[in-house]
Amino acid sequence: MVWSAETAMPSITQGLFGRLRREAGAEWEAYIDHPFVRGLADGTLEPERFRRYLVQDYLYLLQYARCYALAIYKSDTLEGMRTASGIVAGLLLGELTIHVSYCAQWGLDEAALQAEPQSLELLAYSGFLLDRAQAGDLLDLMVVLSACLVGYGEIGSRIAADPATRRDGNPYYDWIQTYSGAAYHGLVRDGLARLESLGATRGAADRFPLLLRDFRTAVRLETAFWDAGSR
Amino acid sequence: MVWSAETAMPSITQGLFGRLRREAGAEWEAYIDHPFVRGLADGTLEPERFRRYLVQDYLYLLQYARCYALAIYKSDTLEGMRTASGIVAGLLLGELTIHVSYCAQWGLDEAALQAEPQSLELLAYSGFLLDRAQAGDLLDLMVVLSACLVGYGEIGSRIAADPATRRDGNPYYDWIQTYSGAAYHGLVRDGLARLESLGATRGAADRFPLLLRDFRTAVRLETAFWDAGSR
Amino acid sequence: MVWSAETAMPSITQGLFGRLRREAGAEWEAYIDHPFVRGLADGTLEPERFRRYLVQDYLYLLQYARCYALAIYKSDTLEGMRTASGIVAGLLLGELTIHVSYCAQWGLDEAALQAEPQSLELLAYSGFLLDRAQAGDLLDLMVVLSACLVGYGEIGSRIAADPATRRDGNPYYDWIQTYSGAAYHGLVRDGLARLESLGATRGAADRFPLLLRDFRTAVRLETAFWDAGSR
Amino acid sequence: MVWSAETAMPSITQGLFGRLRREAGAEWEAYIDHPFVRGLADGTLEPERFRRYLVQDYLYLLQYARCYALAIYKSDTLEGMRTASGIVAGLLLGELTIHVSYCAQWGLDEAALQAEPQSLELLAYSGFLLDRAQAGDLLDLMVVLSACLVGYGEIGSRIAADPATRRDGNPYYDWIQTYSGAAYHGLVRDGLARLESLGATRGAADRFPLLLRDFRTAVRLETAFWDAGSR
């Protein structure tokens, strides 16, 4: 496959995030090029497994919103508070509503989504994010959140650019379009710009080993999240 | 003065909040019927002191938004998260913008508001609220936040109903209208309804002595906030 | 087996904890009478699996100490702060040292213990405990911590009383003695007394449904912790 | 006065703390060479004011212990957790007991100490410390805590070295000896060594402007704490 992050998404290969991604190496690849993702690309993923993923992804959005609520609380500037507040409101109203509509197409209604318990994988991932959010500062939080934000963008972009990806009749093509689309990639770009600027004022260079340690755990837990349905 | 909470604002005399307000007794009165408030009512408050109050009130709104960000994080239900998120967004965009415009009428621009350090009184109040927010649960948080929300409504309602209040040529009449107006009193009613319902599921009856202890401290710190400019 | 909690450990069948344990029902049984536990009792557990458990249990103690550090911070009384501080110091000095010595008997040195990453099951469990610790109040925290404290005591007591338990030549007999011993059961009794008293002042009766929801999750995660080595 | 920090306490003039202290400049001087402190040195401070200080200092120790409990929770290493745990235990058992005995000499019993409400100055200071503790990372916390730890050592050392300080018949000479003594100065040295090492791994150089902002606020609040009794 000819897709290259350097060409297609140069911003994810540069600066603080670029360094984290590079050093996460094989772990990052395992997350981005996971069998679950390949199953989305060629349409062979079992629908039941995708449904289980959708349910957990709904529950994940709620925990992700809680993490961003802590970002409001931990921001040092009014602008930072407003941005984080906009993201929380966007998640809880916009994205959650879209997710619910999308789930409805897969036969899952909101009551069913809410009734489901968090999987072990989700508990591990959201527990880790929330712990880093509270125990660390805003930079610790933004670094662990970046694995999800950027990873989904890279996955969407790679799959969409791959000629082998099945377009016609692929039940997951909507999903692919979401994460390869301009709207989502605008979010990625904005998030990376904020991370870079935060890293500069909050000492990312000297803190790199600790930031990398937590980033790798987040990546490992994203991979476990893909694995979840396979047991 | 013939104003009575029982008649004018029955909801603040009932349920959990009614009990807190009643037991706070003289401390609550000292906050509601403070010389600063009387100076607003009859227009005799020194403008310079009002300006200092406006600056600190701006800085307070930022800390209040941080408290509500923790309410998103601490909510047990999607509905609770959405409500708290709406309040944070409303504070950081709507109310803060209105406050800035209002301050501009008093000759204070936003840069000046942001440049000012928090007063000792504000540090004490916001530090206390944030500590209760993190150390306690959502009920502890909502109880301490209620002193501000409801108190300003009671103050507005009392002053506006008082025939002795100066209307013509009172430079503070806008302020009085804000806190006696239907929009603000709708917020009070909604907040009290949520507090009551939260109190029921989170054991307010058995926790009353501890809740009252913190509520009294919040009331005492509101009073200190009025006092601030007088030193 | 004739062991009965009502006779052998009456305190765990009474009050707030008794109600939580009863309502957790089959989930509690699945945790207490888990195949891993039976393997300890009859000595048939694979040593390698026990070693993996010991490593994760070491890492768990560190997270457990972090939870108790939050209990110091969240305590309303000097006595509560002192008790929690004593427990943290006991964990980080006493129990951790004993654990390290015990692990050494199983061929695991401390460097190896520290080098190991947290398993998915541990991340899920400790992330959940820490989240409840920060998002809730001291009662929310103590309820979720009680599943571990009391469960290990019940397991120890049951196994030790069971005539079928292998004593001679059972490599796990030390472990059984620890959790059936008077020292550990003193900790259980003290912890339950504090939980009961905390529940009274912090509204456990009205909060029971929410407390039970979190307690069940803790019990489910204890069970997952036993399961961990079996994959 | 010939006392110079460079000669008498070189460690407080070097590294991260040295830079914070230097840049805090006049604010640091106002705290260290405060009229309250001079009143201790020459024995002219009104005893009643000292008693009010002792009460608030007792209440401060409890809040300081809560901050250090968060340091246990926020530590990245077992050694860091153990050190912080030792400090919390030392505060809640050792130092608090010593403080209570000392207060008894001044006619204050423990019940009286506990019955007193926190002053506005203490609420502002402890609220600020606890907020930085939760909103920031361990470095943010240790920087704001250093103002108290080191400042008292510098005050003690300066006064004790000053020939003008009254020794005979000075009712405050015990206090001076505590903070100029080897035991306390050992704590200062250890704390500074930990701060320096933490600063290196957590990016103090790049974060300096934000760390200085918070350090100055802590220094300002120490000064306000001395002022407290004078109103």
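The first chain written gets the first letter, and so on, giving A, B, C and D; residue counts start at 1 in each chain.
Throughout what follows, a contact is a pair of C-beta atoms (placed from the backbone, for glycine too) under 8 Å apart; a residue touches a chain by one contact, two chains touch by 3 or more.
Source: prediction; values computed, not measured.
K.L.:
Counting C-beta pairs in contact, which comes out ahead: C-D or B-D?
P.N.:
C-D
K.L.:
Which of B-C, C-D or A-C has the same interface as A-B, meaning more than half of the contact pairs match by residue number?
P.N.:
Interface equivalent to A-B, from the options B-C, C-D or A-C: C-D.
K.L.:
Round to the nearest whole Å and give the separation of the Cα centres of chain A and chain D.
P.N.:
Comparing mean C-alpha positions, chain D is 43 Å from chain A.
K.L.:
Can you give the whole-Å distance between the Cα centres of chain B and chain D?
P.N.:
Centres of chain B and chain D (C-alpha means) sit 33 Å apart.
K.L.:
Please compute the C-alpha centroid of chain C, do the same for chain D, then give the distance between them in whole Å.
P.N.:
38
K.L.:
So which stretches of chain C touch two or more other chains?
P.N.:
73, 134
K.L.:
In the complex formed with chain B, which residues of chain D make contact?
P.N.:
Residue list for chain D touching chain B: 117, 120-121, 123-128, 130-131, 134, 217, 220-221, 224.
K.L.:
Please output the residues of chain A touching chain D within their complex, sorted ascending.
P.N.:
Contacts found on chain A: 73-74, 76, 134-137, 140, 200-207, 209-210.
K.L.:
For chain B, which residues are in contact with chain A within the complex?
P.N.:
Those residues of chain B that touch chain A are 62, 65-66, 69-70, 72-73, 78, 81-82, 84-86, 88-89, 92-93, 96, 114.
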